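Naming follows writing order (A, B, C and D), and every chain is counted from residue 1.
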């Protein structure tokens, strides 16, 4: 872990969707799937981003343009420098016979997770949801692993939500545990389903993060006080049980609860 | 095991470790995390009258031996903080210290009133924020007269709630400044706030890294400065001191107590040592007292001042 | 290899590394050791009118991330130092910076006269020593008016010898203080002197370790503070800056230069990195310029100020 | 090397002569013969002292009361605490077939050197000088190694200086090199003799030291600028050749040359 900031030259930029790009950097410290780095775009801002893949060819981060920082990140070109510190957080624990459930940008960390599970020869299945086919990123990669897809508009695969697809999969066969990453509403639904099936799960959450190193308290969950940047961002049932805000509005940059 | 209770302006702490302001204390829940790990008291992040989002990132940056921070006074506003204070009391037994700041002298009074209404155990006054009415935005805390005035304003409002003034190490003659605070009615002193400020420049992009360009230095690097400030203050006042700045080990905490601190504030150590720091410091203090044949912290407080 | 010459108020240095005052520079011989290891210029230890033995030991104490020192203005007196200056010129080519202090404004003038008679390449004025005429012995350097007056006194005596004022990071609004120095005739600024001061207490004997109780903090711990000071000064003056404080690597030196320093002072790094630090910093600077396609330090000086 | 100060409990104090005592401390960092520590006596001062022996039973320092600090050190009792940082300096390089020449308090580091040479099975002889028999410390220990003694008043052994004894020894048989420690006048004489015999030598010098870590410049030799606390205190012919002040008055605490 490198808590101090270093800047890295962007080796390559690729585009996955209209507002989604992936940058590749070399010689980044080793990270587990589910861990994240803080990425500084000089002059703009610094934000947490999950590792979307890490191999000997470099470390990839996949970013969706939704606000000032992420939109500026879409302008980054090969040869530019961005700052990095991390990896931070706990990451996913690797397990056998699992089902990966991804929605929206949540597929980024699941992509790296799937790569690592493959490498270790651990069996898994994958369900991935998106608004429409064009926003379903890494589709070919996921397809190669036999992923099943869901789209809101029925462009591709199941018509409807990825959680409907999840329920269907669980009827077909038994998995030891679930991994999920995506919008918090989706994660809340996954949790309900997992509880019904009495299955273990690991959910990767997002909160506003100012420090990444467990100091500022901005990423703490209501109730348990768990720091998503240290004890998370991957939470299990035991960790979620003490928290009061999961699936609810959370705090903004001032620390105020959103309503 | 030697027990470590201390009394801070009448408030009992079961041990002298206090979570410093700005660390974890955004909410009752985040402060409770420090309690779960053994903190004897917790301080909430400083709040002003209005919510502030603070600066863009990076706002918190580890550097060798310490940390730079310039969060830009981000806080949810006094009203929201009052709510957290009540929430905290509902679930934690340990004393809660609320911290307030103002950009004008009037704002200090305004915020104190809202916060005192929620009855924190202690009220800490952060005078290190820039004074918007002064020529260079020089922090109130560097101006002895302004600090004394603010102390009086806040103490009048706080009534029976003990008021601690948190001093900046950049103040000249910090001992006599602390004395001014005592004379103006302060019940205690917290020292120190962060040092500097400092700046880190990325040599490849050739830019200051913090979005605010510079930020206060904290962590192990500043321990000697904090110990010297506490020592000087202890020689000038009779009110208790929360010695803060650079504590990462039990020995660091001991230096503070020997310099004259009643309690020890812990901030950056939550990162550099880890959240277990509260328990580790307490265990180390207890072992030290035991080995040296002392029965409590009262036996050694300020001992370095006796020479 | 990219060459690293810099010009400091008309004085040519073959590289920007300058041995800081108080480190090795007791004698011509000890200063020559730094020259043998690649220093681009050397500064002698600050001297006053009379010889002073300084404090009893410990006077210099490593602490995590840095060093505390309180040598107590020990120096052989201006007359003896004038002799060392002549001795040094007899054997070394690099520019020699003499450093002076005074305990009264008059002493600054007196010492400047004796030293200038020996014709050092540059004269540095250490205003961080306590003013014996002020109420708390507050250092001259914290008082903008006193610093400006001393600048004028010394510059009048120094004539064509460039005068650098060495500022303390404890000064408030260091940028405008530097501006006052420039307006009063200073040819350059050296920043910073040590930070704090700080104190270290031995927890077993329960005593402050330094015989003077407290001492200035230097070394890596203070780099961010020094960089911020240099940055602020560079935005306020047009005269050159010797950026000093916490440099232990080429990257640290780069931060100083990017903040606006023309040359870089190296003190504690002689211990923490070793005497090879002058050569290591130069090699690193040269490699950086080469890799980034620059032809000299002029291309990057103050680059961090452009944003 | 521990550059930071730690305090140690004095385990034992023994007395060797009227004004000479040895303190033993436990768990001190390992040092080479010829290296020194800075010893802080709280409230008094801090001074460099050579290791006079180091074994599994502890580390010994032998101190002669000559001034304020050293006289106060003679009052230290078992159970008291003193501060220590070090070891500093280069120390002696261990060699075979050597002759050790000690005078006055210079015997302290030679004692540790002799112990280490014995341990390593390296052959050596020893000549030791003092004012009189009563100030000749560690006499029995040195006697066991076959040391020859010289006293100014003829109390014991050769009547006269240790350097006379040295010349005599060199007439009797050939040594590869000399080690010497003692008053600088004695060292200067040893150097002349070694030059005559074209022998290698290692001389342990003393100078005022304020920092011990190569920063303050107080221990620098005139001419070469060599720092006795880093490049010394043990100097060889090559190192001494560049220095101008050996055997001459040197600098006081202000940095002024003594005359």
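We adopt the following convention: a contact is a pair of C-beta atoms (placed from the backbone, for glycine too) under 8 Å apart; a residue touches a chain by one contact, two chains touch by 3 or more.
Source: prediction; values computed, not measured.
Undergrad: What is the graph distance from chain A to chain D, where chains are linked when they touch?
TA: Counted as steps through touching chains, the separation is 3.
Undergrad: From the centre of chain B, which chain's CA centre is farthest?
TA: Relative to chain B, the chain whose C-alpha centre sits farthest away is D.
Undergrad: Just curious, how far off is chain C from chain A if you go by their C-alpha centres, in Å?
TA: Comparing mean C-alpha positions, chain C is 50 Å from chain A.
Undergrad: Using the average of all C-alpha atoms in each chain as its centre, how far is it in Å between chain C and chain D?
TA: Computed value for the inter-centroid distance: 36 Å.
Undergrad: By the touch rule stated above, which residues of chain C touch at least two different other chains?
TA: Counting only residues that touch two or more other chains, chain C contributes 63-64, 200, 204, 207, 307.
Undergrad: Which chain D residues reach two or more other chains?
TA: In chain D, residues 43 touch at least two other chains, as defined above.
Undergrad: What kind of graph do the touching chains make: line, ring, star, complete, other?
TA: Contact map by chain: line.
Undergrad: Got a list of which chains touch which?
TA: Pairwise, the chains that meet the contact rule are A-B, B-C, C-D.
Undergrad: Considering only the defined contacts, which chain B positions touch chain A in the complex?
TA: Going through chain B, the ones touching chain A are 22-27, 29-33, 36, 45, 51-54, 56-64, 67, 71, 74-77, 80, 200, 202, 204-205, 207, 209, 211, 267-268, 270-271, 275.
Undergrad: Which residues of chain A touch chain B once you look at their complex with the stated criterion?
TA: Checking each residue of chain A against chain B gives 3-5, 7, 38, 40, 42-47, 81, 83, 85, 210-211, 213-218, 220-227, 230, 244, 251-257.
Undergrad: Taking the complex as given, what residues does chain C use to touch chain B?
TA: Touch list, chain C to chain B: 63-66, 68, 136, 138, 142, 169-170, 172-173, 176, 195-201, 203-204, 206-208, 213-214, 217, 220-225, 227-228, 231, 251, 254-255, 258-259, 288, 292, 300, 303-304, 307.
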